[in-house]
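Have a look at the structure below, then the notes.
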Amino acid sequence: MTKIKYILFAAMGAVMLAGGAAAQEPAAAEAVEAVVEAASTTPAPDTAFVFNTMLFLIMGMVVMFMAAGFCMLEAGLVRSKNAATICLKNITLYAIATVMVWLIGYNIIYGVEEGGYIGTLAMWAADDSAALETGYSASSDWFFQMVFVATAASIVSGTVAERVRLWPFFIFTAVLTGLIYPIQASWEWGGGWLDANYGFSDFAGSTLVHATGGWAALAGALALGPRRGKYGPNGQINTIRGSSLPLATLGVFILWLGWFGFNGGSQLALGSLDDAIAVSNIFVNTNMAAATGVITVVVLCTFLKRKIDLSMALNGAIGGLVSITAEPLTPAIWQAALIGSVGGGIIFVVTPLLENLRIDDVVGAIPAHLFCGMWGTIIVPFTNSDATYIGQAVGIGANAIFVFTTSLVLWILLKMIVGIRASADEEDKGLDESEIGAPAWPDFSEKPNPLQPAE
Amino acid sequence: MTKIKYILFAAMGAVMLAGGAAAQEPAAAEAVEAVVEAASTTPAPDTAFVFNTMLFLIMGMVVMFMAAGFCMLEAGLVRSKNAATICLKNITLYAIATVMVWLIGYNIIYGVEEGGYIGTLAMWAADDSAALETGYSASSDWFFQMVFVATAASIVSGTVAERVRLWPFFIFTAVLTGLIYPIQASWEWGGGWLDANYGFSDFAGSTLVHATGGWAALAGALALGPRRGKYGPNGQINTIRGSSLPLATLGVFILWLGWFGFNGGSQLALGSLDDAIAVSNIFVNTNMAAATGVITVVVLCTFLKRKIDLSMALNGAIGGLVSITAEPLTPAIWQAALIGSVGGGIIFVVTPLLENLRIDDVVGAIPAHLFCGMWGTIIVPFTNSDATYIGQAVGIGANAIFVFTTSLVLWILLKMIVGIRASADEEDKGLDESEIGAPAWPDFSEKPNPLQPAE
Amino acid sequence: MTKIKYILFAAMGAVMLAGGAAAQEPAAAEAVEAVVEAASTTPAPDTAFVFNTMLFLIMGMVVMFMAAGFCMLEAGLVRSKNAATICLKNITLYAIATVMVWLIGYNIIYGVEEGGYIGTLAMWAADDSAALETGYSASSDWFFQMVFVATAASIVSGTVAERVRLWPFFIFTAVLTGLIYPIQASWEWGGGWLDANYGFSDFAGSTLVHATGGWAALAGALALGPRRGKYGPNGQINTIRGSSLPLATLGVFILWLGWFGFNGGSQLALGSLDDAIAVSNIFVNTNMAAATGVITVVVLCTFLKRKIDLSMALNGAIGGLVSITAEPLTPAIWQAALIGSVGGGIIFVVTPLLENLRIDDVVGAIPAHLFCGMWGTIIVPFTNSDATYIGQAVGIGANAIFVFTTSLVLWILLKMIVGIRASADEEDKGLDESEIGAPAWPDFSEKPNPLQPAE
């Protein structure tokens, strides 16, 4: 029953009371007042429908633009001889995600039975037959969910850069966006077993999106091995510098912008006072966590490294953002600041740790998306009493086992069947020559960009 | 009569019935229910007004940002010695479009009589005297239309780059945005003869915006001739590489983002369930066509060229987007995928074709905007039964004859009167030196960027 | 009392009248009609609440993105050896502004008593206890105000580039965003003495934001002195070229986009016809002033300098935008065009003037933000009869004295206590080496970028 109808019936009732006994007019007025009071924080369903749909579309647009953010971040952090290849990878992976989420991904996520493990393999088509009851347009929701899937694929792209061949990466992307991501997302967002049995809570996807991308990236890094020259023969670790820190910075600003959509849109509704207030609080917390992520890295670098590593500071912003993504709504501002700050600390600690483990993560995506993703997820019960630490741990573990295992198996299969790594010669010359056939920055003579042993 | 009034009168009527005969209460309730049911999918006119206006403003903002997208795409695809000039061209052409659409353009488009050929030459001023009846704010509509005109001018800029002098280009832009575009747009969007007599259908402007830009660009390319060194003495075709593929990629991501506004905003309303659903479907189709445009080029390159040409893949996205622009609403998703895919194919086929015809289109704007624009327009009747193939052909033909002829005459007049092309010496040194007096990337020594014969 | 309640009470009254005397039905109908007529241009308070909150959030998002615009503009206008440092500065200053506005800034601005001089030093926390009466969510307003403060800090960053050390700059930023900006903003936007006693009018902050940034930047430039090599021993002025004009251009396009949010969002409401119309008119005027700013510089350069200085044309856009910021609503379009055009003229005249005064403003922020800011503010009474030239002059003067004095004292204190300037050797090698420890563009061999005497 729609709200307007409700008000009118109440008014009718009140008026009839009033008609029956003129002396009871004040009582009637009170009755109306109570009804109106209750209704006045909820716009009519048709209006709410438009608000909700707008939320998905506008926030989805800025999340879509995160694909450009990842592309600039990665193009800026690889050597110029691989920059065109990373650009092609990033625009194509978004295209592949679009098609795969349409063909099978969406129905795997949302076609799952309550408490179930996987949805249906049907192709998605917009169904607005009960639009007003649903509360938003089917296509707007599809669009919003699709850009999330693309985000997970973008994360993988950076870690495996400078050595992975294009087509094996595209095939991996198709399976990740069509099957791996959707299956594990269905467990929670589709109402599957994690949601039904464990009360797992992951508001906008610290685990479901970011750790998923992170595990897939880690599996890829392990299957591929490090770039040539990254690690010297005697345990020496070399720094390989990115070709354009300004482009990398632009990328992070775009991601920061996009994250308002990512977290804000995940409220999934804007058609009431409560929803509008929630989205606003999410904006404030999201922004605050990113800020303290940056500041933490800047302060730690100042005291412990004397110089301030720009790419680490940029990852500090991402780390803060990923950390607040599992629960951007319930934290007080100081809690959001704390959660983001720990995210920045994780970047500072985990980045060199991975280097020492000889895992070559070109853009630092694993500390930012995997480790901060797990941190953000496990800390949810600190601010949200509906979640439990055990439930969160189960969710993190299930995601880890499923995504890492399937990804590793897939990378290894691809390695055995088609090969995933460029030849040593191709890698030395740069993948732009072998994969694209054109340099990214042909006008500027490239210095050899000498390898530098890490401090 | 507004909706709320309607509801209240109905409620009053129902209440009076109820007052007259208590036994008829159920009938009264039913009457109210029927009224409410009818009204519940249309927010009140004042609410709809705000929604509609927001649509124009927010979608107009991202379309405005497409100017940055074209600028980055073009700055990345010219040699670094011409990159500052292209930047100045792109920001100035947007400024010129702003002024010309205000001075005369807007009233030429919308001041036309039904079935007519041209509007009035008056200066535009916002008129909100009947705002609620109009359904949106006059200024929001003006803003949305203006950024469309700027888009057409941006298209021309890329094709004629690296050899056209600044001021002749600015004069061309002023006439294009003040007269040529508005006159042909009035035939359809102003309710002129194409709309009235032929039922021509071009939802967001595959023909009216993109083919217009494409024809003006083609005329310019013909009037200017190819860049020095592009074609060798023995029919040899040389590849001239763009200076920054990462910036070009960023440009395409910005354009992709802007296209949600371009096509989504062209629904022209958001104040009802139907409109919100329509905008959502447009988002999905627009995104899908871009994706299949990219994938098609990537696949064709892989099989037919072995290496994947990044700039062609980028143009594949644009080709898909232009193709779906004439009708982003009626196609089913698979139809949008197909339409975009053919757009990608057109990029792959037409780009080398133009090269063989010795037409020098620096950024590939003619395949993307002109050829895909015509493709998208002619295929409208495939999904929209309100359009006919004959009506579409008439529209494409009228646009072609009018825009190409007037543009060519204008370019030739400019060539005769003021000269449109930089001297051979200026062209060799780069236009940044002669036009701007400063290099775009002064810190990086420029390699000669050797010309390479095409494969 | 909410609107719906009002309507229902009126309806009830009308119905009772009707019940009392059937003959009076027409009178009752008229009563309802009058009530509805009044209400039909104002959506219900709950709907208006969502609209207002959306305005803050969406417009705030694009204003937040202006941080990326400033970053790209500045990274493009410094030499490549300082580009990583400027990127770190810009992302960190935004983070600092976030934290400081939360800790003390916001309550200083809005906790001020009517006619007062400073608010309270309390930490801000969202209070939505009377949300419906406030008309928007507290957090959405905080977010919108916070990004304005960050903008002022971004302005300073560009002027003092290439020589200021990171930490002194960060400390200055913390005081600017936590105290200096908030105190002077409270005088007007918090309802303090400037607003209460002088009717000072500064719609979106030509003075309160842009001149504030400009004065702080000027104080910094004076305290720091010019870059090494900028001025020769015999009064010679050298041109120091920026490393990437395409990135600088991208930055200005992003700022232009962000300004729609900056000025449009400053309407502070979208929940009525009048507000929606106002925001639309602001969009048109803002865009027009930027356009005429660009065109004016292009025309002046053509006639007076023969070549068209791209960085000056870019600043022409910013100059036009700053000029219209004090009053983007009341001007007719031609007045907005005029105001923006004068802004462009100011850029053309003041930029070389400052050079001759041996004030080294790396990105030209002082002409654009300070001089155009004052111009935009003083001209408000030309189009807005609620403002007076005297009131405007008092506001400009108070802002100037307070911000310039406190900034200068702060810069000098920092100079005395910690030192604000990099050593000569560090400056010659570039701050990226001393502050960041990594070059911004390591792959491209850097030409010495020779100093060139100004024409």
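By letter and in written order, the chains are A, B and C; residue numbering begins at 1 in each of them.
Keep this in mind: a contact is a pair of C-beta atoms (placed from the backbone, for glycine too) under 8 Å apart; a residue touches a chain by one contact, two chains touch by 3 or more.
Every value quoted in this text rests on a predicted model; they were computed, and no experiment measured them.
**Student:** What angle of turn lays subunit A on top of subunit B when you fit their CA atoms, given in steps of 5 degrees?
**Tutor:** So the copies are related by a turn of 120 degrees.
**Student:** Same residues or different residues where subunit B meets subunit C? The copies count as same if more than half of the interface numbers are shared.
**Tutor:** different
**Student:** Averaged over CA atoms, how far is the centre of subunit B from the centre of subunit C? Could you give it in whole Å?
**Tutor:** 30
**Student:** If you look at subunit B, which of its residues touch at least two other chains?
**Tutor:** Where subunit B meets two or more other chains at a single residue, that happens at 11, 15, 19, 43-44, 47, 54, 58, 244, 250, 441, 444-445.
**Student:** So in the complex, the part of subunit C that touches subunit B is made up of which residues?
**Tutor:** Going by the criterion above, the answer is residues 7, 11, 14-15, 18-19, 28-29, 32-33, 36-37, 39-43, 47, 51, 54, 58, 62, 79-81, 241-246, 249-250, 252-254, 256-257, 260, 264, 270-273, 275-277, 279-281, 283-284, 287-288, 290-292, 294-295, 298, 302, 305, 307-311, 313-314, 317, 332-333, 337, 441, 444-447, 449.
**Student:** Going by the contact rule at the top, pick out the subunit A residues touching subunit B in the complex.
**Tutor:** Listed in rising order, the residues are 2, 4-5, 8-9, 11-12, 15-16, 19, 44-47, 49-50, 53-54, 56-58, 60-61, 64-65, 67-68, 71-72, 75-76, 83-84, 87-88, 90-92, 94-96, 98-99, 102, 124-126, 128, 131-132, 137-140, 142-143, 146, 166-167, 170, 244, 247, 250, 434-445.
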